[in-house]
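The structure appears right after this line, and notes come after that.
Letters are used for the chains, namely A, B, C, D and E, taken in the order the chains are written, and counting of residues starts over at 1 for each.
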């Protein structure tokens, strides 16, 4: 067997991007399809039964959700700031920004839980008390879409908390930014999905 | 062991059967070509000691040939199919003055509502009969297909008619029987544990017989 | 994807990260757009106008996030291809299902 | 099952040098080869379960009036009463046969086993890009399997709404009598989706970013190409099914009505979402098989693959077209007839790349030096059977004919020619072919050949007559056909099909025996028993942890057989340096 | 069909598979069911609720406790019917010839109101108040399907008692029971001679039972916690034996006339009388029942006609 003795030769170029990042982008592709399935169904169901939808602000609380949207946008900027700090080797920046992102994400979740509780327990809809997933297509699609987004935020917050703990142990630095960047990609994607959900679920 | 399409009794069936046989001939030729070729190659190029295979990475010309020929056949077939399909199902080709029936599938019955003597659905002389579909020969028939619970499929093999009945929708289906006879409606879409038992009788009458039958049913329903 | 043998590079392989985009500026952008979105809902104009403008603003925001925060603007084309890959599938799915209502 | 895995892999990694606990080495291993073998055992088990379900089903179809089901007494009264298989149990059999075969047998066997095993080996890398995710993708399948088996034993029995799960039947327990069983299957489906997505992320990333030096896109073996394209399909299609499945679970449990017209939902939406996944799924189930076949045919014919680039292009175009043809499953569903027109055209055009592939396979055999061993026989069998399946597909692609053919046994014949005659034949071929690499021993050739001929003959006896039964008009999923006037006269055919099906099932046990017998008694295989060129054959069998002592460098295309400039042998390994072998042998 | 015909309620539909009391229409309970499933899946366990897990509790005692004749009495009486007897609709069994052959020249008629000699049949009478403690169920109740009809049309059972369902017709029947408090079932019997044993664990009056293959086939099963119930016979009479002495409230249920109650005092060794009077004017009364999942013809349908 003629094994060419060429240890150390670089592999094929691929995407010119490190593997974890490629993996995350590939994974995000499947996430896009998942949310496309939900959003597509939402659009179709809504077209089929437009009269069963409430007008914005009638059932859902837009101001508080707008504030929540703002929180998520802020968490995105702290996330990129954390990445920038990591690239610059700014340990304090890494800690502060990661912690900030985690807290903002957690607050978003808290507000969402509050919103759900209010809706289920106190909001009335079409004459019945409590706006639940069983409240027609409107309720079903609302809770399914925002619920799955919330689930993604939850996963993100757990990962962020873990990354923050690592930051305090000095894990990240100029020579170790990949984890933060990849986590950031996921986090921004969750933000991006929310931007779309906020618009089509709450505002339209 | 009689493997054949059942006899055809409808106007659409003629084209459908024709198309079926055309495709059978085309695919039959392709079948013989491929399977014969494989068999021949297996015998002819069977491995021998010391033999060496012919080294080639392919032939662009051959590959283009066997890309273009199927593509042409397929395109013709596709165009023809699309025309026939539009003829059979296209909404614009729905006959205007057809006799209309309402057929409602439910687990596990077909309930057929007849228009009555005034030949209009939705009037007082409508009546509903369970699992019996009677209609006149040589006349455009349109059924409005509905379902109460799950998806059923309205299938009369001899008339080459099949259409799913979807709850929440009313789907028009039209056809024209060319001979009188007795057939069956089968359900072709799994609809639950009585799926296999969801059959109804179909009777194609002459126009006079149909009127007589309808008259005989109407008083019973009017009670 | 069918790139010629030899693996020659296609597209510019920028080294990302050497110049930071103005993250705070983008943040400001996003915040203002969100405020605008909420504001538009209360405007007394035609429904279709509201919906169109909301969709445009949402798309704009999404694009900002993808391009700057997710660094797509600074990535090589090959990675952008990966990111865009599912979009045709999404479009096909939604358009075809919507044709039920045509 | 754990002990079986251990036994099987014990052979494989006997010479493992790493100090690892038993648990880390064989159960929660991150080594792609061990994970592949875990998948193999798992899927073979479910292949048997799926087959068993089919046998019960066939018994009922052949002798609906007889009762007297052999061993009927071991079933609870809710499944078999007085020797009669009950309709609700029959529906569960139909549903779970399809579901188990598609999701727990064929799909993980094609992708879970072979993508895992072959991608790192054929690309010349030490392991997957994300070994721990890879492990997770196997372990996500385990609850799926357990839930599936458990669903048979809950009140109401297993899911009974068909593998396509058409709502509202699948969404309303009162209409089927199936409650928890349906939900368990849907939850299993979500796990399968998770497994499949995690796997796909790995396969795609590994293929894109971890190829050995010199392994350019156009030097990748066709197996890798097909698995790569398959992974893309799974990545984009599975999440849609997961989303739809979760909505269906909600319909069942928390009172939503996504697919229920009473609450404003839409049954057709389910079908669109399902088939948006379902048709790419069909290609997920066949593309890897095409890859294996290309590979085995090339090795067995001692010739390069005929028209490599066309084969790659055909794969890519099948994958692309696969996303825009799903509507052809819904021609009679009541969807907009205009969509029917569009889908007819796109569907028919998918026949073109399939035709290219078939002719190119024949071109590969043409003027070859055919080594008709078991693997090669199955690969040739694949081409022959896939051709029939492809040709019968033309009938239903033509919408008018589909009006009659839709939901009859003609369709059943078609999918089995593609999924059994196609995918499973190629899988058997793949197992015979790569078994020596996996376990270091050859499978017994005599048994292999007998297995092939039995499978081939019985397979055709089972499924060819189904075309005829379908032409007569026998509906799918029907418990008892004898009540219909137009179905009189096909009882004998149905009985013959059933007897042949029993034979087909039995011949599977010959394979199983061969598989386990050869683990201990099989002839020892060297590193490269087939004189094959691709990288996996250039490392010992079975490969050690990490696969390579040094990273291979690739100089040639994947299938360089019978190169005229190589004199002492008829193959040229991908990593053989041109100057070492022969100065002129450098290929493209 | 009045109240029963109420639009199909998705809450009920979903709840009745999960058994338990009053699971109906409460979102949280159903969420809990979902969580349970998910949790089960997450543990990789699954299949916990195998056949009979819930049923064992209701296993009938081997023999009913011996009755002391000195402490019990009997209740008997009549369901009387006065006034015009409503005409019953003819059932169209023409598509099921084997069944139709079992009836005389008039053919099969509906059984909603069966009156003979001023007595109303198929009234379910039971002690609704005052019963404390009761012997466990023994023996099995039988529900047969003969000539595409349920025999009996109204059946009383004790909670936990076996109900043996059998098919005397050599054709497909399915038995779809749709209770609201109990766990429902939907099974089939494709041939004559096939039997199935089912139970209801919780008292519920009434559980509707229907056959989806033959839309006219309808039966009602009254489930009560004690053995003190009866169904009036063809002549309208009933009798309940071995009732412990005491004061009770009796309820009579009829599928068309709803319920009425009577007070009754049982003395040891005596026979208490309780009769119920019905008349044709009462047709259309409110009939309490676990909502039968009956979709009415022509209602509850959305018409989406395609136009292009």
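Keep this in mind: contacts are C-beta pairs under 8 Å (C-beta built on N, C-alpha and C of every residue); 3 or more make two chains touch, one makes a residue touch a chain.
All values derive from a computational prediction rather than experimental measurement.
Under the contact definition, chain A and chain E share the contacting chains D.
Using CA-based centroids throughout, the chain positioned farthest away from chain A is E. Measuring from the average of all protein CA coordinates, the nearest chain centre is that of D.
Among all pairs of chains, B-D has the largest number of C-beta pairs in contact.
Per-chain CA centroids place chain B at a distance of 43 Å from chain E. We define each chain's centre as the mean of its Cα atoms; on that basis chain C and chain E are separated by 60 Å.
Per-chain CA centroids place chain A at a distance of 15 Å from chain C.
Once the centre of each chain is set as its mean CA position, chain A and chain D turn out to be 34 Å apart. Chain A has residues 12, 15, 17, 22, 26, 29-30, 33, 36-37, 40, 44, 48, 132-134 in contact with two or more other chains.
Multi-chain contact residues of chain C, defined as those touching 2 or more other chains: 7, 82, 85-86, 89, 93, 97, 100, 102.
Each of residues 86-88, 172, 175-177, 208, 216, 236, 240, 250, 254-255, 257, 261, 263, 266, 268-269, 272, 309, 336, 338, 479-480, 588 in chain D touches at least two other chains. Across the complex, chain C meets chain D through its residues 1-7, 82, 85-86, 88-89, 92-93, 96-97, 99-100, 102. Residue ranges of chain D in contact with chain B, taken from their complex: 86-88, 91, 94, 160-162, 166, 168-169, 172, 175-177, 261, 266-268, 301-310, 332-334, 337, 340-341, 344-345, 348-349, 351-352, 355-356, 358-360, 362-363, 365-372, 380, 383-384, 387-388, 391-392, 394-395, 397-401, 403-404, 406-408, 465, 467-469, 471-473, 475-481, 483-486, 489-490, 492-493, 561-564, 570, 588.
For chain D in complex with chain C, the residues that touch the partner chain are 208, 216-219, 232, 236, 240, 268-269, 272, 276, 309, 312-313, 316, 323-324, 327, 335-336, 338-339, 588. Residues 7, 9, 13, 17, 20, 23-24, 26-27, 30-31, 34-35, 37-38, 40-41, 50-51, 54-55, 57-58, 61-62, 65-66, 68-71, 75-76, 78-79, 82-83, 85-87, 89-90, 93-94, 97-98, 100-101 of chain C are the ones touching chain A in the complex. Those residues of chain B that touch chain E in the complex are listed here as 91-92, 104, 106-109, 111, 128-132, 144, 146, 148-149, 167-172, 192-194, 196-198, 200-201, 220, 223.
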